[in-house]
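Residue numbering begins at 1 within each chain, and the chains themselves are lettered A, B, C and D in the order written.
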Amino acid sequence: MKKKKVAVIGATGVAGQQFLASLPRHPYFEVTALAASERSAGKLYKDAITDAHGAFRWYCQEPLDPAYAKLKVQDAAHLDASKVDLVFTAVESDAAKELEPRYAKTTPVVSTASAFRYEPDVPIFIPGVNMEHDKLIAIQKKKRGWKGFVTPVPNCTTMGLAMTLKPIHEAFGVLQVIMTSMQACSGAGRSPGVIGLDIIDNVIPYIPKEEEKVEMETQKILGSIVGNRVAPAPFPVSATCTRVAVLEGHTEAVYVSMKKHATVDQVKKVLRDHGKEFIKLKFPSCPPHLIDVTDDPFRPQPRLDRDREGGMLTSVGRVRADHALPNGMKYMLVSHNTKMGAAKGGMLVAEYLVHKGHI
Amino acid sequence: MKKKKVAVIGATGVAGQQFLASLPRHPYFEVTALAASERSAGKLYKDAITDAHGAFRWYCQEPLDPAYAKLKVQDAAHLDASKVDLVFTAVESDAAKELEPRYAKTTPVVSTASAFRYEPDVPIFIPGVNMEHDKLIAIQKKKRGWKGFVTPVPNCTTMGLAMTLKPIHEAFGVLQVIMTSMQACSGAGRSPGVIGLDIIDNVIPYIPKEEEKVEMETQKILGSIVGNRVAPAPFPVSATCTRVAVLEGHTEAVYVSMKKHATVDQVKKVLRDHGKEFIKLKFPSCPPHLIDVTDDPFRPQPRLDRDREGGMLTSVGRVRADHALPNGMKYMLVSHNTKMGAAKGGMLVAEYLVHKGHI
Amino acid sequence: MKKKKVAVIGATGVAGQQFLASLPRHPYFEVTALAASERSAGKLYKDAITDAHGAFRWYCQEPLDPAYAKLKVQDAAHLDASKVDLVFTAVESDAAKELEPRYAKTTPVVSTASAFRYEPDVPIFIPGVNMEHDKLIAIQKKKRGWKGFVTPVPNCTTMGLAMTLKPIHEAFGVLQVIMTSMQACSGAGRSPGVIGLDIIDNVIPYIPKEEEKVEMETQKILGSIVGNRVAPAPFPVSATCTRVAVLEGHTEAVYVSMKKHATVDQVKKVLRDHGKEFIKLKFPSCPPHLIDVTDDPFRPQPRLDRDREGGMLTSVGRVRADHALPNGMKYMLVSHNTKMGAAKGGMLVAEYLVHKGHI
Amino acid sequence: MKKKKVAVIGATGVAGQQFLASLPRHPYFEVTALAASERSAGKLYKDAITDAHGAFRWYCQEPLDPAYAKLKVQDAAHLDASKVDLVFTAVESDAAKELEPRYAKTTPVVSTASAFRYEPDVPIFIPGVNMEHDKLIAIQKKKRGWKGFVTPVPNCTTMGLAMTLKPIHEAFGVLQVIMTSMQACSGAGRSPGVIGLDIIDNVIPYIPKEEEKVEMETQKILGSIVGNRVAPAPFPVSATCTRVAVLEGHTEAVYVSMKKHATVDQVKKVLRDHGKEFIKLKFPSCPPHLIDVTDDPFRPQPRLDRDREGGMLTSVGRVRADHALPNGMKYMLVSHNTKMGAAKGGMLVAEYLVHKGHI
């Protein structure tokens, strides 16, 4: 297969860097353009991420590919998207609202921004969960008169929740969902993100707009295509989203009420078995399991479990009956918010879209 | 009033120190005996808490009273409880199971240990919430043939939950409760408690036995006396208890389903109004409010709110409708686990029991 | 004494708030004006510190005085300083360079900014250490043609170092100083200050310009007036300044070489005795001791010792001989960087200047 | 080469696990025996590290080798060391004092314990720094009548200090050394190590015996063999050792006075060039560089730099002139305390000793 040309937008930010960290030697994609805000435009990438003190602001564990270091950063507002086969965008929602429709006129866009998530003709893909929502792509193209399209990944907190609810919903029918998150600081980025003075020895009980996102996105992702849109899943989702002194990896305490009674072992089994068909497709970014379930009551822990299988695994533990909800079950999960929950999850989505001929 | 003589058992530990920190110049009580394990017995208190390196292991913000510093520590196993009017115990559950019945033969015992909480004839008092359970005291004395009695305070995580559910239950009727806690390290004590290697950059998703305690105690505290025991409140409680990198102050995300519909403002009002009658009794350890409700969406935070009103206030925020539960409401709370949730809460209970003539 | 009218500039920031926290019921001062940047100008103070989410951004432990809450915030660029007797400024260095000379034309200025610290006619006062540098005030006024003057407090890291070196220098003569700091996040403020992603599970080995400030200021503060300027103390100071995951309270490891040999006990004694004459003046913000020396080898610790005596005490411990330097001595200190090391230290300086008739 | 049989003593502890993490597929060594205290003896290794709650207490990033999981743990007090070619010990100092001489009667012992470090006939090896101290091995064997010998690795804080002083001493001659450390919690182990209540929002200014160890060991490691013992390096070392809220990786601020003047660039060069001959021997555990020097002023940071080159690299930064000491230079370093500073450093020493025919 000839490699697809890709542009990474917002390349100097943390999320953009995560895209770059996943792309060296990628079998499907080669990076031919990097773009960021006007301030960085015209600089070599390595200079654009070096600050006035001489500090090198590359935030990924993987080293920066030397070839990318020497690419010239373009102004995102003036990028010619028609020259690439795919655009990865990792910018703030306001910028995405401007830029993504412009790129999508000619080119598919896989985005970490929330700007288009709630549009009826826009799918929010989670790998192995709702890939059949790709039917919306043709609808979106037609309705908007675009040659390309926009597919955002979900909010990082939605990722683990929807991933784990999917097999439970399929097997037993979900009736109600309650979820409390303990989210990592990296979810807020670095500009300035969560400041040390607020989070050391503390919990911040509120993340603006986060709960609404998680509630709406989970219903959309687990919904089904009806006509030319997604009919949200019929069960209500109630979230409380908090921030804790953790660097990476969101932890979630989930309570779910089911239509059919199921034992703890039955729930563990459907979680463990989830995604086997998707995994068989052997995409480059796909982990060997989508969900792991542990019997160690002290797991999952964000520090110990976030990086398992390259940060692409959702780790579940403490599956046990809940006696407050009808046919209730409760469990904990840890999901890597800036890997599966952001750019690397988007990479896996893009790989699937190539496989299906959308890119 | 002539001051009551009190003994503090487990005086060298953190919880025991919290009792001592509350007792200097107390209008009802004077400390006449300190006891701890055999290892400390015979030493002056100040020497018993000085370690081999010369470090002074006093863990309270309040200074150690010089008079207590010079008291000789007795062996808890041989304390003659009949020489005091009241015993405060702050020892591990296994020790409490041994010691407390021995003391209670002659003397009232107010305890932070869980050893007797689940006995049908033992009330678990929360100030301003279920003081009418003092009817059990006579039942307990009679049944066991004791002159004294044992009244434990609840688990520190139960404290804020039951405190806030009480006015909601009274006004609107509670049907179901779901609660996820983010608990402070101090709840685990210092021997060794939570180690730094486990909690820095992490969440620990499990605290052994904690969820069962919270579920049972909440039902018992909000239950009513039927015959010679407490009939548990009829609503189920489901808890997930986790540990976060916070020093003091438990944070809880609560979801409650109610019999009657209520608005957010109605729920805030009953929370704010709670405990007025109790507060009017003006006990020395009683704060000016039992519950405060804030409209700042970023509060309560454990670091900022735990010490309000001497650590005796339950701070509530983010009261909002929950759409997953019938007549659902959700909120966050912060409660000081080693003040209202331990010794200082026990002190306030003791003050009430003096007022009612039980001590 | 009729109270002096004071203006607080930068009143909405953390350092400005610390001034406000110290001023209610102050026997010498009454707040008659608050000023901040244009953005806050015209708002009531309480509204100026309430953000778009409804969060109330008051960062001090002390409650906001209701009278200040209702003051209208003025634009610092247009404040008429002649209407007050004293200006406290707590703004960034660039703003201070603009604003302070303007105010000083008519009015004394006590500042937390570094803008004027290195001017030869400007004293950097530390309470009880170099108050005789007030001779520079007349020189400064004359040279600049001002009715007022500017006196900055030192950098927060200089404070504890110069405070403890003073009595050692007087008694034994300092030859060389080496100091490594472990500084609290609050020293960097909140805009954005130190972000959680950088400081959790980490040490940041560099604070721009900090080491140079500490080295120069220490020499200036411990120098003597020669002619119309301060001759810096003749001993070299070498600093390494780092940031650690601590909220408040700077910790410093100090190594000092002395002209005369001294025993550990002699050094402890001069530290403990330091400042007695100054303390006798009984200024409202003066703590009962300027320096405390502990024999507990595990102290001082920033969390346990920063707030002693209202955050105005320098806590010293681990005084021991150093064998690498001639007549070497080494010790640790903790000093509260946003109390004695900022606004509250400035308040105490202002009280002295009133006493001496400069204000 | 036929693989050498090795036993790992203290295999259930963190340091012992680090040995096990380095041994799978090792080209020189195969694990044939695991030993621990009596409590674990007789259990399969995987069961010995599973606690009463079912939690699996394996603390390394690398997975446990399945072959080791099934080995039976022996009682360290009764291990027959003659059946193996090499013993790695990772036990407390008191246990090491008992066990190591017993093993050394027949077999070489590489140890992380301090028990024998200060014996005149015992070398403390740092890879690439003082391997010529292997002359002591024959002396030790002869003097003690052992067939084997004991070689401890240094204290984890000594490691980075001695490693970086070595090339400076060789090139310019060291006169005085002052070092302040900010040490990670892992250095204290897990039983209980540093508790969360002590280290969150705090610095602990004292680590018992640590400063003495660092001072003595650095002099011994950089000393030369004179007769049948090491003559300590002639320069004094003064240390202050503190604990900070960091999981892994010790940070040190070093000040050094040199005989000859050297520029910053000259010092950087000798640091960067250090160890080339040793590296050329291509031992399995040897990193491609022993020391790296960065020009980014914000580096090294423990979280970002500790794991570089498998945790075997000493990262240096902020090299700059020091004006307090004659021909002074100062710098910061980060060294991984539980990798190069413990078991993995011991592994590299063992590899060298095989190469030289000592094992």
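Throughout what follows, contacts are C-beta pairs under 8 Å (C-beta built on N, C-alpha and C of every residue); 3 or more make two chains touch, one makes a residue touch a chain.
Here the structure is a predicted model, which is why all the values come from computation and not from measurement.
Asker: If we define chain centres by averaging CA atoms, which chain lands farthest from chain D? Would you check?
Answerer: It is B.
Asker: Quick check: how many Å separate the C-alpha centres of chain C and chain D?
Answerer: 42
Asker: Could you please state the distance in Å, as a whole number, between where the Cα atoms of chain A are centred and where those of chain C are centred?
Answerer: 46
Asker: For chain D, what residues touch not just one other chain but two or more?
Answerer: 53, 200-201, 206, 208, 245-247, 297-299
Asker: Linking chains that touch, what shape results: line, ring, star, complete or other?
Answerer: complete
Asker: Note which residues of chain A are touching chain B in the complex, please.
Answerer: Touch residues, chain A against chain B: 176-178, 180, 182, 201-206, 208, 215, 236-238, 240, 242, 244-247, 251, 253, 255, 297-304, 317-318, 322-325, 328, 330, 332.
Asker: Could you please specify the touching residues of chain D with respect to chain B in the complex?
Answerer: Touch list, chain D to chain B: 53, 185-186, 190-201, 206, 208, 245-247.
Asker: Which residues of chain A touch chain D once you look at their complex with the stated criterion?
Answerer: 53-56, 200-201, 295-299
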